[in-house]
Amino acid sequence: MGLKWYTARRVAWAGVVAGVILTVTFVLLELAPDSQLASVQFQAAARGGSADAAAEAYARRRGLDGPLWERYVDYLANLATGDWGWSDTRSQPVGEAILTALPYSLMYTVPAVIASTALGISIGLYSAFNQYTKTDYAATFVAFFGISVPNFWFGILLLLVFAVHLGWVPVLFDAELARTHTFSLANARQLALPVFVLGTSAVAGTMRYTRAEALEYVRATFVKAARAKGVSERRILTRHVLRPTLVPLSTILVGDLLGVVLSASYLVEVVFGIPGLGRLSLEAIRRQDTALVLGTTLVPVFVAVVGNLLQDLAYAVLDPRIDYGDR
Amino acid sequence: MTDEAPLLDVRGLVKHYPITEGFWNREAGRVRAVDGIDLSVERGEIVALVGESGCGKSTAARATLRIDEPTAGTVRFDGDDVTAYDRRQLKRFRRRAQLVFQDPDSSFDPRLSIGQSVAEPLTVHGMADRARRRRLVEGTLERVGLAASDADRYPHELSGGEKQRAALARALVTDPDLLIADEPVSALDMSVQADVLDLLTRLRDELGLGVLLVTHDLSIVRAFCDRVCVMYLGEIVESGPAEAVFDDPRHPYTRALSASVPVPDPRAPRPAADLVGDVPDAAAPPSGCRFHTRCPEVIPPADYDLEADGWRRLLRFRLRLSGQSSDVDTATATEFTDGIDGDGGDHDTPSATLRSEFDLPMRLSDDGANRILDEALESLAAGEREAASELLETEFQTVCERESPPSRSDAPDREASCHRLRDEYEAKPDEYEVH
Amino acid sequence: MPSGTSLDDCRPTLRGRSRRSFLSLLGLGGAAALAGCSAPESDGTVAEPVEYVEGTATGTRTLNFLSVDDNPAVNRVQLALDGAYAVTPEQEIFPLWADISTDEGRVYTVELRDNLEWGAEYGQMTAEDWIYTITEVFQADPNWAGFPNTGDWRQNGEPIPVEKTGRRSFEIQLQSVDPAFPLRPVMWGAFCMPKALIEQYRPGGDQAGLQQDEEVQTLTYAGNLGPYRFERWERESEFVAVRNDEYYLREVDGVPDEWRDAPYFDSYTYQVVPEGSSRLSALRSGELTATDVPETRVEQLEGVDGIDVKVFPQAFMTSLIYNQRSNGSFYEALREPAVRRALAHAVDKEHIVDDVLRGYGNVAHTFQPTFSQWYADDEVTEYGVGDTYGHERARELLESALDPTPYRYDGDRVVDEDDEQVTLDLVFVQGSQAVQTTAQLVAQEYDAVGLDVEITGKEYGTLVEQHVFNSWQGDGDPPWNAGPYNGGPRDGSVSQDPWDLILGVTFNTYPRTPSATRGFTIERGGINFYGYVPETDFGSLFETATGTVDETERGETLAEIFGALSAEQPFNFLNMGVKIVGYDSAVRGPEEVFGYTWNRNTWRLDSA
Amino acid sequence: MNGDDGNDSMRDQVSGTSTDQASDSTTDQASDSTMDRVRDNVDRNGPERFEDVDWDAIDAEGRRLTKTRLAAFVACGLYVLTLAYDVLVAGDDATFEISVGLPWSTTESAYVWDVTAVDWLFVASLLVVGFALVPVARNRRLRAYYWRRFRRHRPAVISAWYLLCIFLLGTVGTLFIEPPSLDVAAAYQPPVFLSVEASIPTECVGPVVDGRCRGTWEYPLGTTGEGKGLAALAVFGMRVSMQVGLIATLISVAIATLVGTTAAYAGGWIDEALMRYVDIQQTFPTFFLFLFLAYLYGGSLFVLIVIFGVTGWGGIARIVRSEAIQRRQEQYIAAARASGASTLSVVRRHVVPNVSNSIVTAATLNVPFLVLSEAALSFIGLGDVTLPSWGQTIATGRGDLGTAWWISTVPGLFLFATILAFNFLGDALRDALDPRQEV
């Protein structure tokens, strides 16, 4: 089975998955009680108007005024032509909404992922080489700190300390600044806390996998042999342990980590007021903006598909059988 | 031999595995792992089923016990048709016919103590009394040469030999009549092997067990078995009393196998007739006699007067060319053309180059045959591999390839299936006396 | 680049606390913001822009007021469009684009100013634009634009006739006399769009086209019609409007001076900060100029330097609503005014206001706030305060009031016919801590008089769907139907899920146009989801009140209504909410009165 | 019987030496002597030998219950009976009360336990976990073996003790502690030994010294903005956390084990279909799904647990499946089947226990995720606000961090410690249970 055929099959399957998820989401949205509608109707009735007329106007405005099936087919047809629909709660095309939000998310997730990966791998290796020692426990504690502390509480606390009391960083996220001066010191400052909070929460995952994988290699015969041959510890670490460890690690990097980042970003974005993808989809669900909910649901599906493919490629590139002998 | 029905009587046992493809599991072919074998085991008898690995003997053992459902054939146990058993009968049959496995390291659940594992068949068959199970297990362990206290130990605390004894205990604890031992000692040291097999023999004597010993190791067959069935690629090619079969093998495969048995005397000359190549793919077994692709005594075509060695090399080349040979892996189109392009050295014709390249004799003993070979080699050199293959195939045919050899029995209890056993093909001794 | 010390000089006028501009200094491209700063002017004044940044929890969904007129949308649109006229806290009309006048209270004339210019080459705003907007959008049938308040522009189902009387004037002809019409949110604060703009979409009823129109989305048609110009709108992040130098009020005579120079901020920003505690933090750090403050957080801001907390009276009433429809577990009792009065004795309203709302609210006794001119002290009966609060008294009253009902006291507990203690389901709206605490407090108080209360929190939409909507469950058609909230007589029309008490659905009490509370108080009222059947004939009383131009008669009738309501206790009036806003203490202008935003354009920063 | 004595002494000796080097110490060099013993044993007329067993009698006897199974049946029966009582008899009552008699208490012998749907699930979970632990508990040597391996990880041992305390306090303790009650007059009291500016609490319960309100023992950990004692809230939060974490995880583990082993054993299109379903479920962003369903069905604890349990098993199922496929190749499975064991019992006896290390580890790491998710949902405002969970308390107190820092911080620390403990425990279990990590 060639790589092309494999990739094609994967993409086709991803299409099926996306379809199923879209359908489920669509139906779920339809079933959910609509607070806005309730409040529009209530207001109209309270003012002495007709609640039914208000509901009708609302449905019309939201594009909810056809049978479910018809709307569903319409949506899919539009999607097929690349039209993701119109977000009623933002008065913006859904595609544009996602493209606007995406850079803000990337701004803090990318540094957070890089930092946490580097830190996670280091701590994991350190911990594996020093299993059952006090320093191992200390290192593990550092790694687990972020995952154990509730993100939102930590974020608020950091804001109070560093923004309100010390004044080192701003409380509010200035989207305009981030957009126009992405690579500026000021932007770095306002992103410091979100990156820190998200980064610490992702360290544990990487560290745990690194440690587990590394532990296997630490005791592997080839490592013992290398050590017996007098290979330096540093070389053992990088060549004999780190390298084979990276292979399975690459799979969790794209999989688990993205999961952590995606779900953590809801809270981080709410606390720090970053108008990124997490808040976009959260608000979409809250306001039951069907097109936007569906659009934002497609993003993680897409990420998962691409992530899985990357993971396979990573395997091919890092395949230990290619070479990890002591040259 | 008695007149009553044998303990185990297998007739025409077939086990095919479908090869499936795609999401809907369309059947794309079948692996003919066991293709119609007969064998029988009497009470108190150890019968060996020998063959190279991959010949289907383990599958035969498992199909016999219906651990894998056989595709066809009958298995009679104590006169009853096992293949017709319902669930309840099958379960009772499981109690009376037990299996011992090859790898002692993986045949015990690492999370259960030896006692728990040995007691498992008892539990399965409804013995609910814990204390009674314990007593039986301890007794059985002692009888296979372990200590009763070993019941509390865990598999990782036992040596390989101990584990294999424990495996025997597990098989024996339900007091079976038949024991099928699948390579029971091949993973053990030589000295331990003998101990375990001694134990097996002793238990056979004491309990009147019928034992089917599946093995690839002829040396133990000779020492411990009463009868032997030799299996090749899903079929039984020869069977008979162990002594007789090894003293006077009738089938070329048996001969080849027994020749490969290490002789205790290191100075004894090692026979060169080692089997060439691997067992062919059971999904596409060779036609006619399945052994013909590797047979050292394959019958030459009647039309030519070919010398044995030259004929074997010719046949091997022919099979490689048509992609049927068992060592076909390397016989790719590029290789054939490489043979031509390659610098021929001192050979001045393409034929000669190819002959040296493919281990063909420079000259065949029959001129007609030689001409045909030259012709074929030339068309091969011209890149017409198909034509060359076709030519050789029509010209050099052998009965071994065309016809399935009938089973011949020349003595009571002895059977073999080889064309050589037919009078018209009987070999001249020099034909297989290889150098 | 300035050195560290000169940064101090550059601090914005906003008492040097706005970190926004400080940040832009650090930005690579921050030079623009720096221009006026790196070289301070010799006279010492600093040309730093004066920014007003208001923190909100959510952004607006649209700027198309024809489809959405919720607060976020109106707040933002109002920066660029003044609207017809404002109403002062003294309930006087303050003309902006237009003045409204009447002779006898039935026909109203609207007179537009002569210097109103649309932007984007739509020319002058004329009566034509208004007539078109009213007839083709507000009154359109079908409602192609999705206008939410179609009822406002109709009377008894018929569109209210509007007629052009001049280039800049038109008439609104009501069916009957309504002296309070200018105070109704019909013309008051009404916006308008250029006829030529709407015309593009009207023929096809192209609602989506209108919604997605670039000019609608960026308010380019606003011209000189508001104090600010649209600058940018980052969805769910910020909305920025900048000072409009062509504001029409500058050239108008007879306008108070502070309006002529308005506005006093160079930019007005709505900053979306979803997390409440982050909003407060930003207020403390000076990044926000103003933001709402929940009652429970006021203490932590009081005494903080540079922050002023202001409390504005509101007309939204929190009450404990009794289910008198037949799917409650205590409805036979709750239908008795005597029972409701007895229960009112059990809840300490002052305690709720003082301790739950931390003093930020006012005790309510009827469907009108005390600051309303229609509130008559001597007509209102008070419960749940002072002597009228007490568990002993409540128990005594309840015991006798329960006589005609299937319930009675068994020792300390109120039991039903099966001698099982009555358990009331209290459903409250999630989201506000005060409501949640109040619910728990009510449960405690009821427990003290022998009623077991189970409390459940629900999302607003869920609660409405499950408990508020009701529909006819009886045989045949309902005798009458007053909409989804009142599907018919209370014995036959019930909600999907049973309930006994609801808390957190707040009611507007309309202190300016109190007859709007009619829908809450009559049996067939459009909002009467709780199945209240009054003993007093409120219907005819309201008719009298709306139909007269005689202020005294209106006053007396309304006083009678609100007095009767306080006695009948259709629900337990708990308190009137307030709006609490934390301001940068430099902000001057907001007065702690009802309707305080009317003069928002004249607010300023002290130091500016 | 002399043989038994000999065996006993030998057992001691063997168990004394058979720890780490057993496989080396017992070799086959002694085969001669063992063979002699075989002969002895075979000749000897021992108590009952396997060939003496009358299998027909055993077959005729039919299936008998083992003690464990009997106990399980009894427990299940009792459970079903009480549940039936709750639903059928006491069903009309909104509050169903059980009187728990306390043998040591003479004065007040009846305590009221309001059994909710979640409590029912919780009891069921505890029963299941209890019976799952029976094999380990019964097996002293196995237990000791695991303990030895586990013990090396010191923080994990501390974590385990901590979690045990939390568990006991949360399950048993909450039966005897008054639930935190509203007392708005006592809002914002600082923890004992600490003080806060007197303007912050509504009324200071303790002494006011130098304008600062001191904490008292009445509220050792202070109070919330509603005047609820944080100490009581913390304890009740333990129960909620344990319920969310344990029940949902157990549901997940049960489904995952079922699906994983079914997929591994059935193979073919069943495997394909199940795993493709898992794909879809895994791709559906979990948190998003929670948001959704919580909106749809309300955020009550019961709904939350069911949502977490029913949607969170995908990852574990994958692990179980791949492990089960590996185990399937093992010969002990074939041996069990050859001895007549049914597929179900093979799965139950061999496959599940042998993939249990992965299951246990995954489950241990699943718990903190769920506890955190509950807190996160509370933060977003989707939880049941009347629930005394840590998440709710943190969420409602977050706005007070600037002044009454303890409201969010006290439950925050508990949450932190609990999640940290689960993480340490999970890692240590992974090390201890993983057979690959023989040291």
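Going in written order, the chains are labelled A, B, C and D, and every chain counts its residues from 1.
Please note the rule applied: a contact is a pair of C-beta atoms (placed from the backbone, for glycine too) under 8 Å apart; a residue touches a chain by one contact, two chains touch by 3 or more.
Remember, predicted model here, so these are calculated numbers, not experimental data.
Student: Find the most central chain, measuring centrality by the gap between its CA centroid and the centroid of all protein CA atoms shown.
Tutor: A
Student: Which chain lies the greatest distance away from subunit A when centres are computed from Cα atoms alone?
Tutor: Using the mean of the C-alpha atoms as each chain's centre, the farthest one from subunit A is B.
Student: Considering A-C alongside A-D, which chain pair is linked by more C-beta pairs in contact?
Tutor: A-C
Student: Compute the distance, rounded to whole Å, between the mean C-alpha positions of subunit A and subunit D.
Tutor: About 29 Å, centre to centre.
Student: Between subunit A and subunit C, what's the gap in Å when you average each chain's C-alpha atoms?
Tutor: Averaging C-alpha atoms per chain gives centres 38 Å apart.
Student: With centres defined as the mean C-alpha position, give me the subunit A-subunit B separation in Å.
Tutor: Here subunit A and subunit B have centroids separated by 56 Å.
Student: Determine the centre-to-centre distance between subunit B and subunit D, using the mean Cα coordinates as centres, and give it in whole Å.
Tutor: About 51 Å separates the centre of subunit B from that of subunit D.
Student: List, in ascending order, every residue of subunit A touching at least 2 other chains.
Tutor: 32, 152, 156, 160, 164, 270
Student: Note the residues in subunit C that touch 2 or more other chains, in rising order.
Tutor: Subunit C, residues with two or more chain partners: 277, 281, 284, 459, 462.
Student: By the touch rule stated above, which residues of subunit D touch at least two different other chains?
Tutor: 295, 398, 401-402
Student: Write out all the pairs of touching chains, ordered by chain label.
Tutor: The set of touching chain pairs is A-C, A-D, B-D, C-D.
Student: Within their complex, state which residues of subunit D touch subunit C.
Tutor: It is residues 92-95, 181-182, 184-185, 187, 199-200, 202, 225-226, 295, 298, 300, 381, 384-386, 396, 398-403 of subunit D that touch subunit C.
Student: Which subunit A residues qualify as touching subunit D in the complex?
Tutor: 13, 17, 20-21, 24-25, 28, 31-32, 131-132, 137, 140-141, 144-145, 147-153, 156-157, 160, 164, 204, 208, 211-212, 215-216, 219, 259, 262-263, 266-267, 270, 281-282, 285, 297, 300-301, 304-305
Student: Tell me, which parts of subunit D touch subunit B in their complex?
Tutor: For subunit D paired with subunit B, touching residues are 3, 7, 10-11, 14-15, 18, 22-23, 26-28, 31, 34-35, 37-38, 41-42, 46-51, 53, 55, 58-59, 61-67, 139, 141-142, 145, 268-269, 272, 330-332, 334-341, 345, 349-350, 353-354, 356, 435, 438.
Student: Per the contact definition, I'd like the list of subunit C residues that touch subunit D in the complex.
Tutor: Subunit C residues touching subunit D: 276-277, 280-281, 284, 294, 296-297, 299-300, 302-303, 351, 355-356, 358, 420, 423, 430-431, 433, 436-437, 440-441, 444, 452, 454-459, 462.
Student: Using the touch rule from the top, collect the residues of subunit D that touch subunit A in their complex.
Tutor: Touching subunit A: residues 152-155, 276, 279-280, 282-288, 291-293, 295-296, 368, 372, 375-376, 379-380, 391, 394-395, 398, 401-402, 408, 412, 415-417, 419-420, 423-424, 427, 430-431, 436-437, 439 of subunit D.
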